[in-house]
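Data block below; observations after.
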């Protein structure tokens, strides 16, 4: 019994769901969940995610893909079939603050975050001790604003990971790095984007006197803190909350927004579209 | 161009989505949204809601129903096809506090709540003035705990409404009334069910010293405040909040929970199952 | 038995609370609530709000003020004594969307919002009907972006009000108007400031793909949407929420943020400081 | 420069704040924060918490207490002066699930949770590895429902701790244990009290079909899950959330509610009153 996910998108038109669900039925599949969304039923763009179970041993991702290919062509669709038994490899970059890392490790340890973690990489020695109970390599690379040492970062990340998580990594990755890595990178920003982009969002929040603070998990693109937003969390603050209080409150927001984003990601529930996300 | 909704439920099995979406496709329909849920992909119970557009004038609910009937039988399913152009008739019962009524009237006036309102009925004269700008009949029936005057209530509601909303109606409807009315009734309870059932939930919340209060919209059944929950809202409170503060905070929760529940209901997005609700 | 509020601020120093509470005690007063805040116990700025009851008939705001004056001088403080029996006069400006107006009227009618409302003024005829059950004058002034008719606005507002509320008034008031009016103006912005300033915040929120929307009540100053923030509210949204859904969700946020701000304001619980607010 | 906290409560009456603040002023103290609350300005009960700084070296808790004693007698008040430099000793009991423990350890490590932790005690071996990076003794006591081994628990806790935290300790402590320990115990319950007391609150939440789940930090008394509530947290759930999803969402709520409660507790901001709490 094997579980697959089919992601599909195309110009909205009649009969898509019928064709796709018929395809799954004819292969003896049982749909576990199906989600779909159209930006507009008249002339919009259509997105679908179907999770289904097959119990014929002989079927695999490749044979399914081959057989689905003509259907996709019919609708001029973009698509992907994923074999859920293949676990994604998630590299983690982190700086000094280990709260997000710790939260992800807990989910990993409990089996809820079903990934492989080839390494945790930091420009600080501090997070090393958070890994003592885990069998995960820790790489210390003393990168800083003057020398980001991106070649080294890339040498660790490029082949060993399917995606990267910046779990409070405080250096901006260059457009060159993004281009060379060329896979998804999820960042947690400790502010409510699009407000308070860039450095020191808590300082900006205090200066502005906002009554609610936030955190934002988003895909990284070549514009700082402007990639597609995946999830956001917020909490009330008051004039009494100083920077330390904001940091403490913010940590809970960051942990939750990042964990939610990653859990959605590894379950292939996120689709990027026009610098936004559809999160099924 | 006409919009229809198909609601379907049956024992989970292979091919349901394929058959249903094929049925819609073959009738020239375009699926606007489709939601489905299975309590368990292995041996669970399956629920589906599909909203689709047909542009053939000759098709109507009855012809569609006749043609869908054999498919439903195949899966031993329960089902209903709804013609979205037929507007539901929503009767409103209210006592003294008019905030939920006012909120519903605003949604009604703005066109977002697409219902007919045959009447507002109250055991107080106070809400009458909230209706002056609307063309909705107001009936004052001086019901109270000693004399609930349910025959009169029923005479207004039975034939003229498709469902009832208790928008802070402070008298319990008897099992006899429910049996005779025999259609859906949605109530707003000013407490976080299942905590604080029955009278004076704010008094109970104060006595208990809770730090969060809530409101709950639910279907009425013959157990007081025990019908299937549709939506809930909550807000933080502190030791400083007295009864008046709780009432004020609670009003916002009640308005939101009730409006959300009704908007879902009139869009046929709520399915009752085992004294719970699936809200698509 | 009369209720007074003392607002006090000065450079933080020893003995302030002792002197102030001693002053109240010596006048036979009983402190109902006292709040204080210092930006920093070492060299910061100190704020205090004390609400107290006096039962000597002969005492009034003026005699109290005269006697308190030397104490304030001692600490080089800014201060104000308010007689709670004097009700503030709140003018309301509104455009087409009446949800905030309706919410304020409900609070007013229920006695919870203790103000006088000398008028509701609108650049649309639509809100007129919301006032039919109230005895509040409605002024229609067909102002628009080309002709803001601020002289007329001012002629209504200047002498008859103690503060103004922009309950979704969609024209920006000019710096000249603000200068001439020279009293507090509270605005509700249908976005989570400082994100999405200016026009069409919901359009901007959709374009940005945020997962949470907000509303912000703030004092108006001569920078658009940059005055001190008083209260904010937020709610989750998803890719499925179109503009209409955002507007509907936003209305609840706007109503709540604005009502909270005004209730704090008329209770003298807001202190402006460095383009921020302390809300006791 | 030393920091003290004065907690005071008595029948509400005139002049309390004046006397107390005068006392602090006369001792050369600077008030950092002062909070007060009266259940009713007429005939209610009054509570006060003042945090102040003294810079005279010779003053200590005992001399201050001796001098304050006559003032307290005057008002027939209950009171306590706390020297903030004396760190509380917090014992932790935990069962298998280590998420709350890990969260507390992070706060402890970062210096924000200013306590001593004499031990972590568990009826499972699982949490041991969470302590490897800390210098905190771990005691494994294989207690279970049949044999709670409370004598052993008590032997660890009685003299070495000032209060206990049940960070998801799944055995109920007997009234005898509570009587013998006779200090504060803070528990985290993974449900929204007073709903879902006792075992398996998530199972109950699913069965009930609630749309919001919660967690509650409260003081332990001899009634199961009925001690004074300190803090609560909530999150939306839907029909799609199975038990595993509820557990995952619940963990964030539990961590936050418990951490908030403990941070308030060690800062002496919680006052118990009539089986409720005032949290300044």
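The first chain written gets the first letter, and so on, giving A, B, C and D; residue counts start at 1 in each chain.
In the analysis below, a contact is a pair of C-beta atoms (placed from the backbone, for glycine too) under 8 Å apart; a residue touches a chain by one contact, two chains touch by 3 or more.
Just so we're clear, the structure is a prediction, and the values are computed from it rather than from any experiment.
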{"item": "Farthest chain relative to chain D (centres taken as mean CA coordinates)", "value": "B"}
{"item": "Pair with more cross-chain C-beta pairs in contact, given B-C and C-D", "value": "C-D"}
{"item": "For chain C paired with chain D, centre-to-centre distance based on mean C-alpha positions, whole Å", "value": "36"}
{"item": "Where chain D touches two or more other chains at once, by residue number", "value": "37"}
{"item": "Chain C-touching residues of chain D, taken from the complex the two chains share", "value": "12-19, 21-22, 24-25, 28-34, 36-38, 41, 53, 236"}
{"item": "Residues of chain B that touch chain D when the two form their complex", "value": "37, 192-196, 208-212, 214, 228-234, 238-240, 274-279"}
{"item": "Chain A-touching residues of chain D, taken from the complex the two chains share", "value": "98-99, 102, 106-107, 112, 129-130, 132-133, 244, 248, 252, 255-256"}
